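Listed next: structures, encoded as structure tokens.
Look at the two complexes coming up: chain A is in both, with chain B in one and chain C in the other.
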Partner chain A sequence: MARHEIVSPIPGVFYRRPDPDSDPFAAEGQLVTAADTVCLVEVMKSFHQVAAGAAGTLIEFLVENEDVVEAGQPVAVIEPTVIEAG
Partner chain B sequence: MKRLLVANRGEIAVRIIRAARDLGIATVAVHSTADAAAPHVRLADTAVEIGPSPAGKSYLAADTIIEAARAAGADAVHPGYGFLAERAAFAAAVADAGMVFVGPDASVIDQMGDKVRARQVAAAAGIPTIPGTAAGVADLAAGVAAAGEIGYPLMLKAAAGGGGRGIRVVDDEAGLREAFGTASKEAAGAFGDGRMYLERYIRRARHVEVQVLGDGADVVHVGERECSLQRRRQKMVEEAPSPGIDADVRTAMTAAAVRLARAVGYRSAGTVEFLVDDETHEFFFIEANTRIQVEHPTTELVTGIDLVAEQLRVAAGEPLRLRQDEIAARGWAIEFRVCAEDPARDFLPAPGRVGRVLLPAGPWVRVDTWLEPDSAVPPFYDSLLAKLVVWGEDRHSAIRRSRRALGELTVEGVPTTAGLFADLLEEPWFGTGTFHTGTLEQWLRDRREAAS
Partner chain C sequence: MIEVRKPGLSTTVQDGGRTGYYDVGIPPSGALDQYSLRAANLLVGNQAGAAALECVYLGPELAFTVDAVVAVTGATMTPRVNGEERALWESFEVRAGDVLDFGYLTAGARAYLAVAGGIDVPAVLGSRSTYGLGALGGLEGRPLTEGDRLPVGPSADGTAGVRVPEELRPVLAKDVEIRVMMGLYDHRLTDAGRKTFLGTTWTLTPVADRIGFRYAGAKLETVEREPPFGAGQDPSNIVDAPYPIGSIQVPGSVEPIILHRDAVSGGGYMMVATVLSGDLDIVAQSAPNTRTRFVAVDLDEALAVRAAHRERGRRLRAALAG
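And then the complex of A and B:
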């Protein structure tokens, strides 16, 4: 099954943590569900949560914490969990 | 004051640079990478790049900004609003570097910035604060006794709780007797603490603020502004004077603001915010802001006083030039905050490329902006594109002129809140000035439901 790219829907600043004192939303190698938040993008002083969008293993982040991202830019890659056909 | 560094960006940086130049003071702009081509950079005599685009690495980099000021030979720093404007440590650092901070002393910023301390100062100056229990009450008997002092209706909330959780509004003693036990039990279950706070509940509150100017010894007020039209605590439309208070409230409220500013030896421009109970006409101190505010032009248009220029004069060591009896409001001013947000998508921020821009002009129309044709709205800062401020001889003509001015405004490329204001002007409740702090959000909810 094809790898799933998580893209930022908006331009802004990319964050891996909900706030500077908390743990990251997700670590590389971690299993996530489609609804799990994996990062934040800050645009014009408001923070938008970005969900994984697919269940599977979060293989890697493509940008660093606090990097500037464009709308539509891939920020992480997921290896979807393969559900075997019955 | 010979050379002023403006530690800000956007429309307020442009505004401050203009005031300084009007006074013959040289200006130094600072800018991030994203703002290299911004108007405030071009309008200033010199400009210094202070860091990458995110504000945390540029406009909030206090040490870098102070170093830039020193290197540029500035003898004063104006912080504008937002960013470093109300950080006492920044004000202190500017002073320590041998420059003038355009604003009150760090100790005053500290005192007013802490809500609990500010309320204590206000109470000591005889200014009403919202009545409530200082500490939680443990049982119903104590609650009923406290309620006798506070008055009804009142708000019952868990002493240990945060946010809006478990808040109940009760209208009278019977209501309190009915609600207290359950509320307290819930609080005990949720937080391990059954104590309850009681606070007067204001069903229909207006947000009215008083502009003050002080020179450290004397203080004058420059009238009030009505700021009730808010969405998620962000003001969207402001006006001066307030259509919702009478002469008695105005006299008492402005006197209270002056008393508070005097009590702390206030220097510079500042704002004292009040909640006004629309039913009882009581007013209560909420907080003081130690900066120039976004909506200051409404006050300028009705009084003819350049508040930023007065800030600069006082910072340069001059005493206040205006006596209270020389300050009068004439006519009516309304400000619309035109933001790069999409009202159709729950006000989603909308940075991006801007094409054509046509700004309103003509008699009694002022536009404070940084926006230019063929520019870009960066995603890194607030969404304010322009403040459209109109004056009229009375509220009715100010509204008519607002209609005209909004009709002249064109911004292509990004959605803005301007279209929403055109609709707002047609609402009967706006026309009569009968609104409170919840009205705008209710109107937006009703529109959303009607559209779906």
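And then the complex of A and C:
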């Protein structure tokens, strides 16, 4: 099954954590569900949550924390969980 | 009526602007990209400065309870009716019960959605534009939120299938040149400081909204002085003065800020240059990371640019007339 790229829908500053004192939303190698938030993108003083969009293993982040990203830019990759047909 | 299912990042009602009150601190507001607003309105048979929706970076999801003719211009953010893509810069029909939403932004920053008949919120001081800081105009003086209902005015003659010719569509680039006139406070810069300002390729930071657009790139060298009475100690401070729309202030001599149509009307930072009014549309379509150079022109060139900008507006109107 094809890998799923998580794309930032907006331009802004990319954050891995909900706030500086908290743990990251997700670590590389972690299992996530489609609805899980994996990062924030901040623009115009508002923080936009970006969901995984697919269930599976978060293989890697493609940008560094606090990088400026563009709309439509892939920020992370997910290897979807494959359910084998019986 | 239009129901807001998802508001987008910051979607506001904007029109041609609320001119005439900046002297008492109320900025013009209105669409940051006035050309795209005008194009969207003319496409659906509205007055050019009618109230439309300005959608920043991420479009809204809207459910229509009435048939309508609409058009989307400005940023490249493809509209979809019930999931089916529609062309930008071209009017199209939406039926009662249809849902309009948008694809990802791929160029520019702000899309304009005009509806035949206009967005019929009450006019405040002669304008339907939203001024968020002042909680004035638009829908309750704020960006749209989920569950809002937008009234649509009576439509005279909206027609689907009207297009803006390619040559009358703006070019949306990640590298832009913004023409400015130097002053009124560029005497606070040394020659080296002025050279740095005009020679640097600045990068738009994510701090870019309807009030101001902040750029990073270099520090400007200032002339040494004793601060005059009434000015702060920082070399970038001046005795408080009015801020023109489009003026570029440089707090701390780093990170120039272009003031746009929701700006405060005055303050104590040196304004080293002012953007030509026609080029404020280019600023409006700049997303974070846009590489920007400021190009100084003299008064004659500035007036020629203004005349060319108006001529382009006339050509747009002529192309969409009838």
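We take it that the second predicted complex is superposed on the first by the 85 of 86 C-alpha atoms of A that agree within 3 Å, B and C clash if a C-alpha of one lies under 4 Å from a C-alpha of the other, contacts with A are read in each partner's own complex, and residues count from 1 in each chain.
Quick note on the criterion: a residue touches a chain if its C-beta (ideal position, glycine included) is under 8 Å from a C-beta of that chain, and two chains touch if they have at least 3 such contacts.
These numbers were taken from a predicted model, which means no experiment stands behind them.
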item: First, second, both or neither for A:13, with chain B first and chain C second; value: both
item: Contact breadth on chain A, by residue count: chain C or chain B; value: C
item: Partner chain(s) touched by A:28 [first = chain B, second = chain C, both, neither]; value: neither
item: Partner chain in contact with A:60 - chain B first, chain C second, else both or neither; value: neither
item: Chain B versus chain C as contact partner of A:44, first or second or both or neither; value: both
item: Touching partner for A:72 - first (chain B), second (chain C), both, neither; value: second
item: Shared contact residues on chain A - chain B and chain C; value: 10-13, 43-46, 68
item: Chain C partner contacts - residues on chain A that touch it in the complex; value: 7, 9-13, 42-46, 48, 68, 70-72
item: Sites on chain B touched by chain A in the complex; value: 52-54, 56, 340-341, 348-349, 351-352, 379-383
item: Contact footprint of chain B on chain A as seen in their complex; value: 10-13, 43-46, 66, 68
item: Of all residues in chain C, those that touch chain A in their complex; value: 9-10, 56-58, 104-106, 109, 205-209, 287-289
